[in-house]
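Take a look at these structures.
Below, chain A partners chain B and then partners chain C, in two separate complexes.
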Partner chain A sequence: MTNWTRYAALTGAAALLSATAVTAGAETREEMMAAHRGGEIRLVAAAAGGTIDPQINYTLQYWQLFYFTYDGLVTFKRVEGAGAGGVVPDLAEAMPEVSADGLTYTFKLRQGLKFSDGSDVGVDDVVASFQRVFKVSGPTAGTFYNGIVGAEACIAAPADCTLDGGISADAASNTVTITLTAPDPEFLYKIAVPHASVLPAETLQEDAGVTPIPTTGPYMFESYNPNESLVMVRNPHFKEWSVDAQPDGFADSIVFDFGLSAEAQVTAVQNGQADWMFDQPPTDRLAEIGTQNADQVHVNTLTAFWYVPFNVNLAPFDDVRVRQAVNYAIDRDALVGIFGGPVLAQPVCTILPPAFPGHEDHCAYTQNPGTDWTAPDMDKALALVAESGTAGQKVTIVVDDTSVMRDVGTYLQSVLTDLGYDASVNSISGNIQFTYIQNTNNKVQMSVSQWYQDYPAASNFLNVLLGCASFHPGSDSSVNISGYCNEEIDARMQAAMQLATTDPDAANLEWAKIDQAMMAEAPIAPLFTPKHVDLVSKRLGNFLFSPQHQWLMSQAWVQ
Partner chain B sequence: MLVLLLVALLTLLAPLYAGYLGVDPFRSNLRGKVEIAGEVVQVMQQSTEGLGLGVTPIGPTWNPGGYMLGADNQGRDVAARLLYGGRNSLFIASAATVICLVLATLIGLAAGFLGGVVDMALSRILDVLWAFPVYLLAISLSIVLLTSTIDLGLFTITAGSLALPVFIIGIIYVPYVARPVRARVLTLRHSEFVLAAVGLGLPTHRILRRDILPNLMPTIIVFVPILLALAIVTESALSYLSIGVQPPDASWGTIIQDGQTLLYSRPAVALAPGIAIVITVLALNVLGDAVRDALDPRGQVR
Partner chain C sequence: MLATVLARLMQMAFVMFGISVLVFLIFFATPGSDPAARIAGRNAAPETVEQIRHEFGFDRALPVQYGLMMKRLFITRDLTSFVNRGQKVIPQVLDAVPATLSLVAGAAVLWVLGSLFVGVVAAAMRDTVVDRGLMILSLIGISMPVFWLGEVMNLMSQSRFHDTWLFSWVPGLGYVPLSESLGGWFKALVIPWITLAVLYIGIYGRILRANLIEAYSEDYIRTARAKGLSPTRIMLRHALRTSLLPFVTMFGLDFGALVGGAALLTEVVFGLNGVGRLTFHALQNLDLPVILATVIYASFFVVAANALVDVLYAVIDPRVRK
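Showing the complex of A and B:
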């Protein structure tokens, strides 16, 4: 997924500088609960994140909240660090029984669970929730859940969705069975995200908008006004069933206020008027908070990257030498500086981010090629451009109008000018840039984009961003922005995905090779892996950052 | 007037200053170094205190020898960009003013002199244009036209060129000028000397050229400084919203935009072009008042 509307589920490797992070070492969970339970956490953001329907909202801002309000059959483990990539049973009692052919998943539901309105959580609610994903035309219905038997019919006619043959419930044994059309090693990841949350069967089959839907987690939504605030209070019917899946929260309530600019958010947190800011601190304030508020800042690596998609079907980038030349010429350290310096970003040459499954340190486009990027190689770049005979051609770089993006675009324009091109930058509104650069009708030669993982699997980068199936000429929804389609590599990716069902380690080795094979053809230029800055108040304790969920809000305390 | 001449002269000397500094104000200089008081320092300074977050461009050196007003986020000399930006701002404003005045005069003449159906049609079109708030219209036009090439038959405006803001600003102010011009033409049309000329059977084009246009000039000339001032402000607003001048080109608006993200640490980047706009627009407004007083006989009586 892209960060275009800041939607992302992110993965980080390790908390680098969690100065105040207090993890359970000496104290047991019961002791911590007794000492710190209660109080109100105050969050601030520039704007609300849209609907609070967990099956529809696709923003990082609210996914962070959904993880401690709603539950699916399975979920990503709530722990700090890389362990969060693992899937654990949530509303299901145990991990599902999978048939030998990998097509049928049988889940046994836990007994005695209740929604926040007091009604029981039953197998019918699970079936209705999966149908609802299609009935409300959820944003990932066609990409995550299209492998369920009957999904095609549901996508064609959402109102009549039954998922007949795809999902069935047995009330007597309290089990739910899901059948797929083909084995999918990533299926459990896909049903661990908030879009597969279990909601009451009687929930309206339309976007809930600002009306809260009863929850299963430790908190429920009390009120929501997108112009003011979103209030979460304790769910009176919640009883902790698994610390790994859905631990009880410390604070009694969590209030999310909207309408403060990022600058004002920094000041609010510094003054103790807010406990956390959602937006990234403006680059202008980084040096200040890095010195004055150093013990309140947490910097975590994201499994994401900023990259330049080249349109491989348009001159001059239809020539592989030109794409390689730009890769050689980009000074990734300079770009890291634009993003806030080496503490906040790391130069990369691979498509898979560091610490991501399948990533192998490798850099071909640097002086002294090896494992790491060291410096740009202008001589090689200029030689490649000369060989291609494309110098002097017009190149337009399309970026969005955020300040960092514009700065990256302006820098790249300088690089292209140095390489001999007649380059210009076009910065267009952030609301349309991501779809604009995808549509081949707009004839975008080169752009700047970002990608954040949905779930920790190599295919989520390589196959989604550069697979033939992601290229739809003439469509706004063609996330293979480069228009790159190499059938041989595509076949290798399909094989690697199947290999992952039986031997994930071997599959990851193959993904690393696929990454390198793709980069040899350079359909994109990876720039850097960004890190995430969380600025919290002085009183906030037990800040835990998980790769999949980012800050685990329910696990922090304020007293 | 003197202030305006000074501003124009300074901006014309931009290449000379850039040449003297030996810098290219349109190229990123993220790894650049500069010598200040015998010490070589990085233009982009990485924070080394605390957690080491953030990279801040060098601040004003107040030394005309380089980075007098500091650097922007790309490590470029703000003083040099301010001069180049002034060129673009003034060029766009002047060209837009010329386009606006020519179009408005033509429309005002046609509507006022020909009257009847022509007047009706032109006036209604102007009304429709007028119904849109200026900035709303400008922003809508910019967003639609920004990424496309416009073919006007005689000449084409390519995406991202300076001609685009010129064209847009020139168009949006037409109703504001065409209306008073039309009103003046209507008055002149029924004045005795024009009636006499008509009575003598002189051809229309001669009446327009010899009798009406010269008498229209005071009205049009009064508009020049006002329009220039409006165009400078509009151009800055559009560029600030990144739908005017496109990077790496500079205008005062884009420099303010660059400076906005540096407001806390390097306020000079946004303040300098802001002050430049204030001085220029203020001077234009004072000039406008003076011109009006000089050309408006009734004003003198009062």
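Showing the complex of A and C:
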């Protein structure tokens, strides 16, 4: 099977997709509702995604569900394509009033909203939900919400969290006021993600685990057994308040079954036993899917990248020339081939993915440096290695145990061998690789990892992955895997974030420069931007995809 | 009798204790196994990771952690998973038992009948084409890895020939509880049963044949022949009965191990949510509470099966009874 056949097959699929999108747009929403409402969507995945507490779960698998079950004060617009980056009012009536100094946000809550258990959504629930983020030690409590006044105390002693001075409610005017310690242009993004979902005030102040919490969206969780299935049914108290923020769903129920391998999931969807598979189809089935099920495949670009973090504090990568040499030597086209061909991935040289805020086409590590990557430059790479005098050193690449990542590791091993290093690959369980490579105690020289956006802002890549604040030596949670900390660039990033509050376009230009400045020091080697393959059943219609929410499940129909 | 039972129970407790300590120590000796950061989530602040570490008790001494975990597993019985937080492990294991038991019991019926047939026919028709053919088939059965055979079965029944008359009755992969539908349960399990049984038919058939042939050279068979008994009676009543002893021993051990989770590959390939698949996922996720629960459960079955085999011995072999 050549890459070319995959390409041809999947391009056909993409063309068909755009055709169906046009016909769907011709009907009005009411007509579509009348024609297609009802039925059950069956989803399938290899394994469950952990707790269904929206303030704790941090997996793509369940965020996709939380977007149509829970709501925050604001949310990302539910539309196809890049428009989804915009924030729209959700439980709030309108976008908040922000004070002149950018510190105070005042939200007016919509009237008449109800949770799925029938109780009213009030301002007290909003306040309690923000406190709960800290009380349950949510994963992003210390990284997204630490800018709220009183958050520091909450992080230190979660049990006594009040967020005093940070959040207050006024029941009479139905408003909630949030005060920050410093202006934050990304604050609305941060409260639009599921971790800031509004839950009933009486929700237990601990991880709900497998016990459903009442929802506000069109669906609610009926039952959850991580070994079998997660069942979502219509929320009887849901009344559509904004099509942009939380449109009503088409299917009457959505059942998520767990336990089939990716291979078996492909077959189940082909046989019509399931409507969608969560896991990515194995690369060896892509040609078959592309030819037999072309009209059931949707390929979409993700705002994400695969990259190689070099440990800048360990030999040989403590020498910038070695990091640059590897960047020059990597044949990104070969990696794209490993991932499934040009339809499924695109080579990248920048940290910010294409079409992401702040991205500017630029490639320093290629033959004829310019805007695009063209071919590896082995001569330059070998010269840099010779200069550094590090050839012959031992290098271990730590990858996880998925077949694609092992292949990427083996390829990188061959690159390092060509450069004169004594390279080996160490493949460990996918579930521990990500924390393992972060901990400096494990002395990982080089690894392969991926990063997906939480929200569309340049700092979500640059500052999170390579900022000084994300480097915690000796901790399993140190997402700056390279251990890279450049005070000067860090100061520029802080300035760019502040600039974004007043002039977002100028800030994005500055982010592009920061991206290039970082890549000059090459703490990482960006490899490619992956695309997402969604394989759906024949009967499934109105498939919409946005980079923020991925597939908008509630907007699809099965009858 | 009471002493034997007590000794057995002691033995079981000792084995289970040893295994749980071993699992516990291996877990904490694995590099990168510290669950705190994984539970906290990606890019969690160090303070959050510390909170989680404290909340789950990972900052306490290992013996204390072991004691607490055992207490939550056996006494308060509220031990919960590290990965699917809030999910209690004991109900999780108990929920998985019916699928495993259905799979293994059905396969056991197939393999006992199948291997009896293969062993007896091959021994009776020793050195003929039939014998050779059966032995070659058995060898092929033993040599096929169960996960490969399972995937090939799936490829044929779910994918390539799914729409033909041959396999159109096959339901999607997964377990259907017996309480839900007898027909569904049967249909969902037929192919996994055959897949799991093939290996054991091969092994047991070959061993039974060898034992039967050995028995035929014994004095008591010659005596039976001299008395003028029919060949069928000699085979089934005299030779087979003594030859079944090693058969029963092996059956007990294999059955116990399979119910304990060794049918893991079959369960994973066919998407059956049994104990094996539970163990598989727990190992993949380094979910210590579930690993401990499934391992202790498995060791219980292995020891229990051993005890049962001893009792069966007494039934079959009069020399053991005394």
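FYI, the second predicted complex is superposed on the first by the 535 of 559 C-alpha atoms of A that agree within 3 Å, B and C clash if a C-alpha of one lies under 4 Å from a C-alpha of the other, contacts with A are read in each partner's own complex, and residues count from 1 in each chain.
Here is the rule we use: a residue touches a chain if its C-beta (ideal position, glycine included) is under 8 Å from a C-beta of that chain, and two chains touch if they have at least 3 such contacts.
None of these values were measured; they are calculated from a predicted model.
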Partner chain(s) touched by A:Gly340 [first = chain B, second = chain C, both, neither]: first
Partner chain(s) touched by A:Asp331 [first = chain B, second = chain C, both, neither]: first
Contacts of A:Glu263 with chain B and chain C, given as first, second, both or neither: both
Chain B or chain C, by number of chain A residues touched: C
First (chain B), second (chain C), both or neither touched by A:Thr140: second
Partner chain in contact with A:Ile428 - chain B first, chain C second, else both or neither: both
Chain B versus chain C as contact partner of A:Thr291, first or second or both or neither: first
First (chain B), second (chain C), both or neither touched by A:Asn442: both
Common interface positions of chain A, toward chain B and toward chain C: 263, 428-429, 436, 442
Complex contact set, residues of chain A against chain C: 47-48, 50-51, 53, 56, 58, 137-143, 146, 155-156, 158, 207-211, 225-228, 257-261, 263-264, 267-268, 270-271, 273-274, 428-436, 438-439, 442, 464, 470, 472, 475-477, 479
Touching residues (chain side chain C, partner chain A) in the complex: 30-34, 36-38, 40-49, 51-52, 55, 80-81, 83-87, 92, 95-96, 151, 154, 158-159, 162, 172-174, 268-269, 271-273, 277-278, 281, 284-286
Footprint of chain A on chain B - complex, ascending: 27-28, 30-31, 44, 46-47, 49-56, 73-74, 143, 146-147, 159-160, 241-242, 246-248, 260-265
In the complex, chain A residues that touch chain B: 17, 263, 282-292, 294, 297, 299, 331, 333-334, 337-338, 340-344, 396, 398, 401, 403, 406-407, 409-411, 413-414, 417, 424-429, 436, 442, 533
